[in-house]
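Some structures to go through are shown next.
Shared between the two complexes below is chain A, which has chain B as its partner in the first and chain C in the second.
Up next is the complex of A and B:
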């Protein structure tokens, strides 16, 4: 049998593969490129059109093109509600992101550096806000704050309640990203540093920090955008405070398509694109390399799984 | 043996004995855990417990009527909710299948065929996710509307004689918007699972004369299965509770469970039924996650 296979194989390779590979490769490349372009068109096409139409003079967002204008940008930036909502969202995100980084990193250290009995439970607890939909969390938070208000006559729905609930929803993401990176870290390096007489602080500063900085930076950016974009939590726990997604939702709910929404969406998307691309570029240049970023990104996408519970 | 050698070396260097090994403390982990756990208990667990309590009170939020399962009975027997659940299932499943149909080939191309375009493509996918979801929904509404751009183009090309109305404010627009909104979370876990596949497997399959369909069915999908299940945790469950998409681009035939919860709590102030339905969604989410997680672990490749 073995002899027969050995005798047959070279013949088969000579006869079939080169020709087949050539034709398939050429066809395959075209098919792949057009598939990817199609996917990107569906993803980004509407957003690009949205940006293009923010410059259209017509009040109705449709063709034909009726001339170039930047009026809607002036109008958008002059709208007090809109300005207020963007300010609020930025403030909330600027508070939420650093808090999440600190709290999430603490949790990541606890889960990856210690073996303790409640570790599985803790992993589940920190993973739960990532698994549960924000609607479920938002509604529960709304009931909770309302109950506190009724019982103790303190606490109104405000930016503070938004921050509290957003921190809960967002810091597990940081935990997932940072612990994925910590798990990839050789403990022996740290022990070597201790053996060589490094203090606890020195170990942290010179051994651990350089290793997890890319993951922390990536998680800070994600925490910021998650907070800024978060509609459900802002909507249920924000009370009368307008945040940008809530403003956009409310306006679109009660009105037809408006050019000023195109204008403001274009500005915000442009800022987000610049921030993310910049962050990507910096992370790639600053050590860690593409591998670390990839790890961080897949950690974002598979939060509890490999990072927390699967780490046994 | 090693430890004595190590010790003598350390004595020579003059390292104080305390610094040699991290001290093992029994409750050391609580220094790290205390703050995150306290926050989770107060702002996450307590609201969940309160929600369950609300769903069990007869006249929430007052405690006068005592406790009962009447709200669960309401929600589970009311035919309206059954219809809404069926609609939700149809919409979420169609969107999920659509995403898998695009996400699996896309992940395959990124993992094996993209070459130097791999990271840029990944960046583009992540970027699409980090843009504001309301803005993304609005972009589709602008495109698909009665006076929208797509209809204008179709009319101009004489493909239709009057504007197509089923494009917007119905299931079609909700499915398209959901599918494009969640595609990142479908594709990246599948991509991550595929990265673990040894590419030489495909060469072997080629040598054995397998066509692309056989390779996809026998190698790619089974080995990418953990990623597919994780994608389902991350995408399928949130889609069940979505209400924003439907409120902005949907219509009466795309009213979903998330809309029911939202309307019960915010519009009709029916906290009992709302909490009960919300809790059912929670149980559903946890159940589906555990199932998908188990399946993902079963399919994990242990090398």
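Up next is the complex of A and C:
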């Protein structure tokens, strides 16, 4: 009897919902699913096409399909300039990302925790690289380094100049993300910890760090990818040390090279996806980190200018 | 707004004490990371045996200039030269970068882009042709191109060349086109294309309008060409920008006729397409590229070695076979097969008959403006 009543209940509820509303709900669900599918197609369609055409025998990126081949992967991996450029880009990104995390986080603390006369100006200066075109920054940096070279004979364009310029342009991103997280942090938790006898270091280690770690992790991912993918600064300040985006730009000129670029881009995309999934998995094992990183990533969409100028 | 000034100042002071040293260390690290590093050597001048030439040689070039299979023999011949390379995407960008202070030893340039500008701006240094044994083997017509020699001094060694003509899908167009006007034939409306390059596109518009010397057009003639191109804008499926664009458009049959280069047609032929290259009777635009030594170069011995290597007939043969380019060294005619001579038009630089030596027009800014207006119309 009870089972029968339970079975009937959904039907009864269903009957109480007006047909018009049910249609609207069904339509609404369809529209939402369609929108999500469309968004996924726009976001990932080009990447999928890139991967598919990297196995196409033809050197022309167009249908019809000409047959399966892995030739372009062999050519990509056998190209010494390409290997060298990927190595250089990886080295630069591995140096830039941690440096930016340290500088950006400290700057976020300075801008959100302390009151000083030039705070607004400082926030503006830190935020400027986020709105200035990188092309302008790249050319300006080249002019600057060339002038130093002419005047003091001490500077050669190299990976070092790329690192220095990229750090200047990338750490504000970390500052913006971490600032957004710090602004949402209840200061009363720190005060409570101090009242309970915690030292400044203990407050930082056990109260603040757990709160901002997801933001730092997210900003480290951003900083790494910004650095690895950066073309303008790499092009103008790298001298003769080739970086991957510069190699790709120079090589795209010839049609037969396009499948090779597709192949190496597929490999890089796959490695990046694997690394992100791995990081995700590790953070999940450590408990809820992945969700927090998502929160931190979405925090970047919040008005970063507010964070940088320190308004509360 | 938090106005608790007292604690805030104390925190600020503490922070300054903590961050102060860090800021100094960070700034020092940044400066240190920017300074130092890099190496260059400047061996004594004078020609020498390959093994005696050493040091770092900086090459700034289109990426073709150091394609791995191409440049391999240079690194084998000069094992003590450390060749470093930096690519550029077009001549204007390369000049802007050098004007901003970028320093190389050997720089690639094209006559139709910036060679003359580079000479006039002092970016190229005069060359000592006594150190270039193949100078006398260069086709005379190539030696006279703008920027190669200025005021009796040689600045750039021409190495390769090619002509713009008409590409067409021979399966669709059975009567081979022979005029730039064929690009504007209404039967190909929406299936034609021209290159998105102000010099090439306006040249084509001018030649199609019966203007025989496009590079010396008056403002009125330029206006006529602009109106003509705007009136025929619907004729074109697109204005293509790269080899990849035009080859894809032909393969997908979106385009059946276009301005293009023999190399584009070759790529499509390798892919099984029946695409052919034809010469327009009104004239074809000639491009010529080569290499010179940048003012301020530090390793001139190695730079001359590289210039000589590019001009050597072995490398010229590689270019003709691989990219179907015309080349500068006449010795190629003694070493290339007859089929290759015909296929890559290796005899063409003997006279450059029917070719318009493409060099930037004097009023280049006006041409660029016109082309922007055509595209925006």
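Note that the second predicted complex is superposed on the first by the 261 of 312 C-alpha atoms of A that agree within 3 Å, B and C clash if a C-alpha of one lies under 4 Å from a C-alpha of the other, contacts with A are read in each partner's own complex, and residues count from 1 in each chain.
Note that a contact is a pair of C-beta atoms (placed from the backbone, for glycine too) under 8 Å apart; a residue touches a chain by one contact, two chains touch by 3 or more.
Bear in mind the structure is a predicted one, so any value in this text is a computation, not a measurement.
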{"item": "Combined model on chain A where chain B meets chain C, clash or fit", "value": "clash"}
{"item": "Which of chain B and chain C A:150 touches, first, second, both or neither", "value": "both"}
{"item": "Broader residue contact with chain A after superposition on the shared chain, chain B or chain C", "value": "B"}
{"item": "Partner chain(s) touched by A:126 [first = chain B, second = chain C, both, neither]", "value": "first"}
{"item": "Contacts of A:199 with chain B and chain C, given as first, second, both or neither", "value": "first"}
{"item": "Touching partner for A:167 - first (chain B), second (chain C), both, neither", "value": "both"}
{"item": "Partner chain(s) touched by A:273 [first = chain B, second = chain C, both, neither]", "value": "first"}
{"item": "Touching partner for A:98 - first (chain B), second (chain C), both, neither", "value": "neither"}
{"item": "Chain B versus chain C as contact partner of A:79, first or second or both or neither", "value": "second"}
{"item": "Contacts of A:49 with chain B and chain C, given as first, second, both or neither", "value": "first"}
{"item": "Partner chain in contact with A:225 - chain B first, chain C second, else both or neither", "value": "first"}
{"item": "Overlap of chain C and chain B interfaces on chain A (superposed complexes)", "value": "60-63, 103, 106, 109-110, 113-114, 116, 139, 142-143, 146-147, 150, 164, 167-168, 249, 252-253, 257"}
{"item": "List of chain A residues in touch with chain B within their complex", "value": "12-13, 16-17, 21, 28, 32, 35-36, 39-40, 42-47, 49-50, 53, 60-64, 103-104, 106-107, 109-110, 113-114, 116, 122, 125-126, 128-129, 131-137, 139-144, 146-147, 150, 164-165, 167-168, 171, 175, 191, 194-199, 222, 225, 228-229, 231-232, 244-245, 248-249, 252-253, 257, 261-262, 265, 268-269, 272-273, 276-277, 280, 290, 294, 297-298, 300-303, 305, 309-310"}
{"item": "Interface residues, chain C side, partner chain A - complex", "value": "1-2, 5, 8-9, 11-12, 15, 19, 22, 26, 29-31, 33-40, 58, 62-64, 66, 68, 84-89, 96-97, 100-104, 242-244, 247-249, 251-252, 264, 267-268, 270-272"}
{"item": "Interface residues, chain B side, partner chain A - complex", "value": "6, 10, 13, 15-16, 19-22, 28-29, 32-33, 35-37, 39-40, 43-48, 50-51, 54, 61, 102, 105-106, 109, 113-114, 119, 121-128, 130-136, 138-143, 145, 147-149, 152-153, 156, 180, 183-185, 188-189, 191-192, 206-207, 209, 227, 230, 233-234, 237-238, 240-244, 247-248, 258, 261-262, 265, 271, 274-275, 278, 281-282, 285-286, 289, 293, 296-297"}
{"item": "Of all residues in chain A, those that touch chain C in their complex", "value": "58-63, 66, 79-81, 99, 103, 106, 109-110, 113-116, 139, 142-143, 145-150, 154-161, 163-164, 167-168, 236, 238-242, 246-247, 249-258, 311-312"}
